[in-house]
Amino acid sequence: MATENTALPVYSKKDFESGVDPRWCPGCGDFSIINQVQKVLPSVGHKREDIVFISGIGCSSRFPYYMNNYGMHTLHGRAPSFASGLKVSRPELMVWIVTGDGDALAIGGNHFIHAMRRNIDLKLLLFNNRIYGLTKGQVSPTSELGKKTKTTPHGSPDAPFNPPALAIGAGATFVARSIDVEGAHLGVVLKAAAEHKGSCFTEIYQNCPVFNDGAYTAITEKSVKVEALLRMEHGKPLLFGKDNKKGIRFNAQSAELEVVTVGEGGVTEKDVLVHDAKRDDPTLAFMLANLSLKPGFPTPIGVFRDVSRPTAEELTWAMINAAKTKKGDVDVTRLLSGSDTWVIK
Amino acid sequence: MATENTALPVYSKKDFESGVDPRWCPGCGDFSIINQVQKVLPSVGHKREDIVFISGIGCSSRFPYYMNNYGMHTLHGRAPSFASGLKVSRPELMVWIVTGDGDALAIGGNHFIHAMRRNIDLKLLLFNNRIYGLTKGQVSPTSELGKKTKTTPHGSPDAPFNPPALAIGAGATFVARSIDVEGAHLGVVLKAAAEHKGSCFTEIYQNCPVFNDGAYTAITEKSVKVEALLRMEHGKPLLFGKDNKKGIRFNAQSAELEVVTVGEGGVTEKDVLVHDAKRDDPTLAFMLANLSLKPGFPTPIGVFRDVSRPTAEELTWAMINAAKTKKGDVDVTRLLSGSDTWVIK
Amino acid sequence: MSTPSKVQQVETVTIRFVGDSGDGMQLTGTEFTRANALAGTDLATFPDYPAEIRAPAGSLSGVSGYQVNFGSKEIHTPGDAPDVLVAMNPAALKTNLPDLRPGGMLIVNKGAFNAANLEKADYKSNPLDDDALKHAYKVLAIDMSMLTDHALQGSGLSSKETARCRNYFALGLMYWLYSRPMEQQLEQIQKKFSKKPEFVDANQKVFKAGYAFGETVEVGLQRYEVPASKLAPGTYRTVTGNYAVALGFATVAKLTGKQVFLGSYPITPATEILQESSYFKEHGVVTYQAEDEIAGIGSAIGASFGGALGCTTTSGPGLALKAEMMGLAVIAELPLVIVNVQRGGPSTGMPTKTEQSDLLVSLFGRHGEAPMPVIAAQSPADCFWATLEAMKIATKWMTPVLLLTDGYLGNGSEPFKVPAPSELPTFDVKYQTTPNHDGAYMPYKRDAKLIRPWAIPGTPGLEHRIGGLEKDSMSGMVSYDGMNHERMVLTRAKKIANVIEDVPDVQVYGKATGDVLLVSWGGTFGSVRGAAELLQSQGKAVSHVHLRWLNPLPKNLAAVMKGFKKIFVPEVNNGQLAFYLRGMFPGIDPVQFNRINGKPIKIVELAGKVLEVL
Amino acid sequence: MSTPSKVQQVETVTIRFVGDSGDGMQLTGTEFTRANALAGTDLATFPDYPAEIRAPAGSLSGVSGYQVNFGSKEIHTPGDAPDVLVAMNPAALKTNLPDLRPGGMLIVNKGAFNAANLEKADYKSNPLDDDALKHAYKVLAIDMSMLTDHALQGSGLSSKETARCRNYFALGLMYWLYSRPMEQQLEQIQKKFSKKPEFVDANQKVFKAGYAFGETVEVGLQRYEVPASKLAPGTYRTVTGNYAVALGFATVAKLTGKQVFLGSYPITPATEILQESSYFKEHGVVTYQAEDEIAGIGSAIGASFGGALGCTTTSGPGLALKAEMMGLAVIAELPLVIVNVQRGGPSTGMPTKTEQSDLLVSLFGRHGEAPMPVIAAQSPADCFWATLEAMKIATKWMTPVLLLTDGYLGNGSEPFKVPAPSELPTFDVKYQTTPNHDGAYMPYKRDAKLIRPWAIPGTPGLEHRIGGLEKDSMSGMVSYDGMNHERMVLTRAKKIANVIEDVPDVQVYGKATGDVLLVSWGGTFGSVRGAAELLQSQGKAVSHVHLRWLNPLPKNLAAVMKGFKKIFVPEVNNGQLAFYLRGMFPGIDPVQFNRINGKPIKIVELAGKVLEVL
């Protein structure tokens, strides 16, 4: 059982491949994601048998079958509920959730926000392709307003979610974003997620070449990405663009973020906002999560927020153990008798 | 039908009382809330028969029975789904949702965040008593961490939601807060909600004298409220406290809000942040929504955010009407024949 | 001065205490129940709460009641109609008088019959002045308010506090009427109010005053005595059905040494199970209040995947929501117990009223072919045993099990004989720790009984994946092969059919053949058994079998039914068991008796119906 | 040089086109289907998609197929086994050869049988070199790849583009084999690719090459002709069941002038209904893709409260999730149509495979007593008529109605005779606009049929509140009165029973008495009718009744069944209708035949089983 504390074997990527070859369409972004996950797992300090992958339903949710760990491919949208029960029941396990934008945010929205709120130590990876892949191309809660899909041939009338903003609003203690094609960056973010203790949300932009191809080319194309992506690092100034000349500054008058060019108009690097992912107050993370919605601003990737608090399972077990020490080991007869009995002779 | 546009009758509060006397416990905060709603409705510019109240299940959700409008007392947590369908189907109706902290945020969390995201014109009133009232006192998603309730006798292990933060994170275009005992203020907020067009969230702090008495005394008691409450008004500086001497200032270094005292240390009123509920960027509203979580900060009441965008039902009907003008009135035979038929003689 | 009236022995009595929610009738009822329990009578109780929310004081909707039926013979139900009605205010009288048996005893607190209260109960005139009342019942109108005030003169208690002591006057009087020893109640008051000493003294005073009143009252009052019943010797306590389920969870955790994980969401009338379970932490019960019913069962299934004994508790609307999840538990074949405390339906229906209308949804309420064992408890105390049985089946057969109780069982109470450890079932819950198929682990490779192994996370080398898609009959990997699917559907069905080996035969109460066989299930056991006794005592050829197992049905049921001219099925629904029996046993066509009024069936009414078909 | 082979007439042929997902077999199938439709044959088709996600090119899991059965006599199913199998690559051959009828014709694209593809299909050696194959079937191995390349030499198309034209070679050959006129297809290509002219020319070339190949090939090929069938004169089109449901929604909107509101959530195999409906905006259909199934039906109920005709569409798992909402619709008594396109269960099960296993959950899958009408469609085109019927019942009786179809009906297609307006049912949907009870509005005051009025928001003076709690039998206000509850439960049940007045009697296909009566429901109609024809043609005393109505069951069903020695119930489930009939008709004990392999039942197999019991 997981509780025995024998030494950790030395793992390689292969140790986390189930041997079943993934059933995703050729060119699907899910391939590169699973590749990174399998690369990171050897170094997360958990035994293979103590790691569990839980998913809902969707292309992305086929993930557990391809991992050589314990896994559950559950019901559409419900993965966080299973994961929460498992983690509270057995805190020593490392529990990952793999889900899609429809799975996590459409039918699964409630379990998602509650997992974030409770601060149970669950590592949720959301593969966001802004479409329903498995069912062949319907609008999702992250599809753009006006998006034409099989169920919205005239365009979607609904504003989409901004997933990191939703997660922050729900109380997640870890919130990050990366991209399928940014392998190295994704690896780093996954490692950070693995190290965090608490509710953990990682949005991964994922391309669906079949039903929503090119959803992210505007920020991932070689030619544009240096200007389009803001790579956040805790404790470092928020710089981006060619030669890191551009920066994010805080405008105290308007209480808003703005883009500045270092060296222009007397702007120096120290005017640039230094990223602080560790602060308890979620507002800075929220500001950054909303950055890309404003024209002229880059899309932040990396860790928005990473704060530590006691997890729900820790608090739960603290109470259980307190009760056990207080009451001692009551035998079954005393349990059954309770406090108010009488005797019939 | 609602579509005929005859003149609006002159209503009094009585016109909105169904005559069924409310079945709430003596002293319940719900009484003062319904009182304010009935006072505001005569002035919202809708006919009584064009107003619909939809609720879920809970003490608060009994609300529609006491209103002399059309109403549905639906299923636990599901009110927004009925309301969304009704409003998209009949945009001319004014649709209110009355719900509780358990109804809206526990079982109903998914419908809640999607109603906020879509920007359907629904006026949602959340009576937040931080407890499950109807089922007699279990922990709710707004109960404080460590709260002892019937289902958490040793304290709740779960962090609560901050409802306005969740609504903002989900994309609500109107977010406000008021308090059952602040009748006048509540009336003003309800009026603002009535006037907003789009997804509309109003949290109302409500006391449950039976199962969670005094949940808000720390901010509502005569003696403390002047220091404890920050009354936000769009376009006005964020001042509070005795003689409005205290204010909220923006600290550009830390990118955080802070409390200052006007007249001390060179602080003048113009250093104080001016509330802007109308800006599209939700970050300022989010900052204010998180204010009260920080020790030493007041609890903001009033309108956090009030921005206008095309609503989902407007966009839906724009598409429908476009299709109608484009295709004209196709008769049933042409509808049934479609484009590819053959004839058997 | 009063002539000491001699005590008359009676076999059983049904008493109902009714008053305003604020009058403490639940306390009075439980305390008086305790007195009779200690006196060794058998008993059954049923509280009748007002609709969820607390209504205005004195209003009709604010009436709260507690009925207890106790006797020297075996007691099956809280009683058809009260022999004695204790009414603390006009609203209570108005709403409960119709139930009092003709000629029964009516004790009222005259002091509460003032203009204001009469109006709230919309009485045009004071019913106590009505001669008809006096003719129909033995009326004892006492100004308990005034007498309580007297008793507490100079106690320094506020009038509000004084009023709260009134119920002890009624209790004292009942003690005297039914010849129960004062002392134990005085001690009990001592215990109960140890934290508020001023109330110890006050309540004792008022209690004594009530008792004394019985002796001193002018009208020579008839005293009664209900002797001890022939309950089996042993240690007893009273339990409600909901408490008994929670106690069952804790007991299983103790017996198995495994964690019992209860993932649930509050819903009337099941909420108490979650509440009570949260006090059993030290015994190995982990409770988790989920965000909704779906997450409640989901968390339990997740915990079961991790090796815990997952459970979830709910009532009708919640059961409906759990349907998809139950299907997953069926196809994944994980142990899980779903407790459904039935209430009045459909939809939100009548949350505080009892009903048996979830039988068919329990048997068939999942899409696809998704059979699972279904068990129903028959009395409050039996909820404990039924829980143990459900947990045993779930863990032995790797299957979800549905346990049905109802609002009447859940809130009702009766004596529970504390079992000796030796009387408890033995569990042997095992996890797979080694490969089961030449070096590999095949999660769906079955034993002779078609049970699959249970390997849990943390077990090296047995890593595997399961899910809701149809799976290969060995490896559990996704399979779209049609014949594999057919095989799996049939195998899952066969496995549940195999559970029959753990289903005891039904016992016939009465002769093995005769004119009418009463067939009941779940919470109607008491009413139907009572009717059977009554009819048999009248020499009728009527027998009774009660079904604890709904799926699989007991082996001998078909044969047993053949022994009777007529099968008679009484239910608190529109005929669900009757339909099910027709479907399962071609040729069987039961006579139905259906009551759907939110209350247990009355013994006398049922007996009458049976007589009609005899 | 080839001897022009004379054309042989055949009554029916079943052809299956199979290839890689990329090979365009769905297009080839539909185009060839069209050719036969235009030739006036009756037909039925069934596509066989790979599991949801697109698998690697050439892999076994990537095979996509399309089967068409056409004939000069009435066609009920896509055919038991193909007479002709057209396989475009090794994987397609491997997965489909077992289905080809012995001695059938096998046409393969030899060019695709290279080492790489053989390996992907895990063939050790090239099956085309295997003599056994040649003995078992008429094998025609053609290098379509090469011939296509030749045809397109100098066209300037890339090899990738050229490859995409290959399917037209196969199509051309089939045109020749089955004597269909080339011209119409050339036009069709013209239409289809008008936006990409280069492909018009290319595809026409390749199509002609395929056709020419038939004439010029050395081996004298047998040509066939399937004459026109005796379809009733009229205008026809082919529809899938899912499209037919959407067309039904639009038609009802047109006929009633009322808004049809479809609140739904995508799920295989029901998604197309939502997709197709979203193209009917101008006809008065409003579609709303909700966040989940619960919100889907919730939005529809909300719209119905507002006066729209609310509908929701789903499949098994979604139906399970809607259970609580359906209960609300039952107690609120609002019109609502729930369409459940059944798929393989339990749980996520087999999303792309068909099954009939949601009958019992449809009838009984709600907590409490919550009856509703249940109707099942019998063929792709009938999905249109069944939808109209369900909508009519829902609006007339103020009740939710469950309409069952399945994956086979939903994705399958057949000719649909476009009805004249006069052939369409008339609807009269009325709203209450005036008080109905001396000046007041009583939402639950019923007419003689027990139907309640429908007053909608916007109607002055009729403001009222409804909900899920039990309600007073007139005002609809919350009522906790037990007798009112019993009355309401029985009234709701009676109302649904009254729907019988709109349920047509079952028609017996064959003699009114005999040895065996086949009783079927839903999607098995075609197979069972086919088997009945077969057995009757062999002189067996076998008749057939098909149930379109599951609740209420047709008036004459009991009487009809009495006319036969045996009742025989074939189902693609584990015996749900058989159980239901036992429960509803004491004494009836059907023989069951159950196949649960994700496919429609085969006519010949079924006929064989019936012979066993004769």
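Chains here go by letter, A, B, C and D, matching the order in which they are written, and residues are numbered from 1 within each.
Keep in mind that, in the parts below, a residue touches a chain if its C-beta (ideal position, glycine included) is under 8 Å from a C-beta of that chain, and two chains touch if they have at least 3 such contacts.
The structure displayed is predicted, hence computed values, not measured ones.
Colleague: Quick one: which chains contact chain A and chain D both?
Modeller: B, C
Colleague: Between chain pairs A-C and B-C, which one is joined by a greater number of C-beta pairs in contact?
Modeller: A-C
Colleague: Chain B to chain D: how many Å between their CA centres?
Modeller: Averaging C-alpha atoms per chain gives centres 44 Å apart.
Colleague: How many angstrom between the C-alpha centroids of chain C and chain B?
Modeller: Spacing between the chain centres: roughly 40 Å.
Colleague: Take the average of all CA coordinates in chain A, do the same for chain B, and state the distance between these two points in whole angstrom.
Modeller: Those two chain centres are 29 Å apart.
Colleague: Residue numbers in chain D touching 2 or more other chains?
Modeller: 51, 281, 291-292, 317, 324, 328, 332, 347-348, 467-469
Colleague: What positions in chain A touch 2 or more of the other chains?
Modeller: Counting only residues that touch two or more other chains, chain A contributes 57, 75, 106-107, 109-110, 114, 141, 154, 316, 319, 323.
Colleague: In the complex formed with chain B, which residues of chain D make contact?
Modeller: These residues of chain D touch chain B: 34, 37-38, 40, 228, 231-237, 247, 250-251, 254-255, 259, 261, 263, 280-283, 286, 288, 290-292, 294-295, 298-303, 305-308, 310, 324-325, 328, 332, 418-421, 424, 456-469, 477-478.
Colleague: Which residues of chain C touch chain B in the complex?
Modeller: 51-57, 61, 265-268, 271, 274-275, 278-279, 281, 287, 289, 291-293, 317, 347-348
Colleague: Okay, in this complex, where on chain A does chain C touch?
Modeller: 1-3, 18, 20, 47-52, 54, 57, 64-65, 67-75, 78, 80-86, 88-90, 92-93, 110-111, 114, 316, 319-320, 323-324, 326-328, 330-333, 335-338, 340-345
Colleague: For the complex, which residues does chain B have touching chain A?
Modeller: 106-110, 113-114, 117-119, 141, 154-155, 157-162, 165-171, 250-252, 255-257, 273, 281-284, 286-287, 290, 293-294, 309, 312-313, 315-316, 319, 322-323
Colleague: Taking the complex as given, what residues does chain D use to touch chain C?
Modeller: 51, 316-317, 319-321, 323-324, 327-328, 330-332, 344-353, 355, 357-358, 360-361, 363-370, 467-470, 480, 482-483, 485-486, 489-490, 493, 573-574, 579-580, 582-584, 586-589, 595-599
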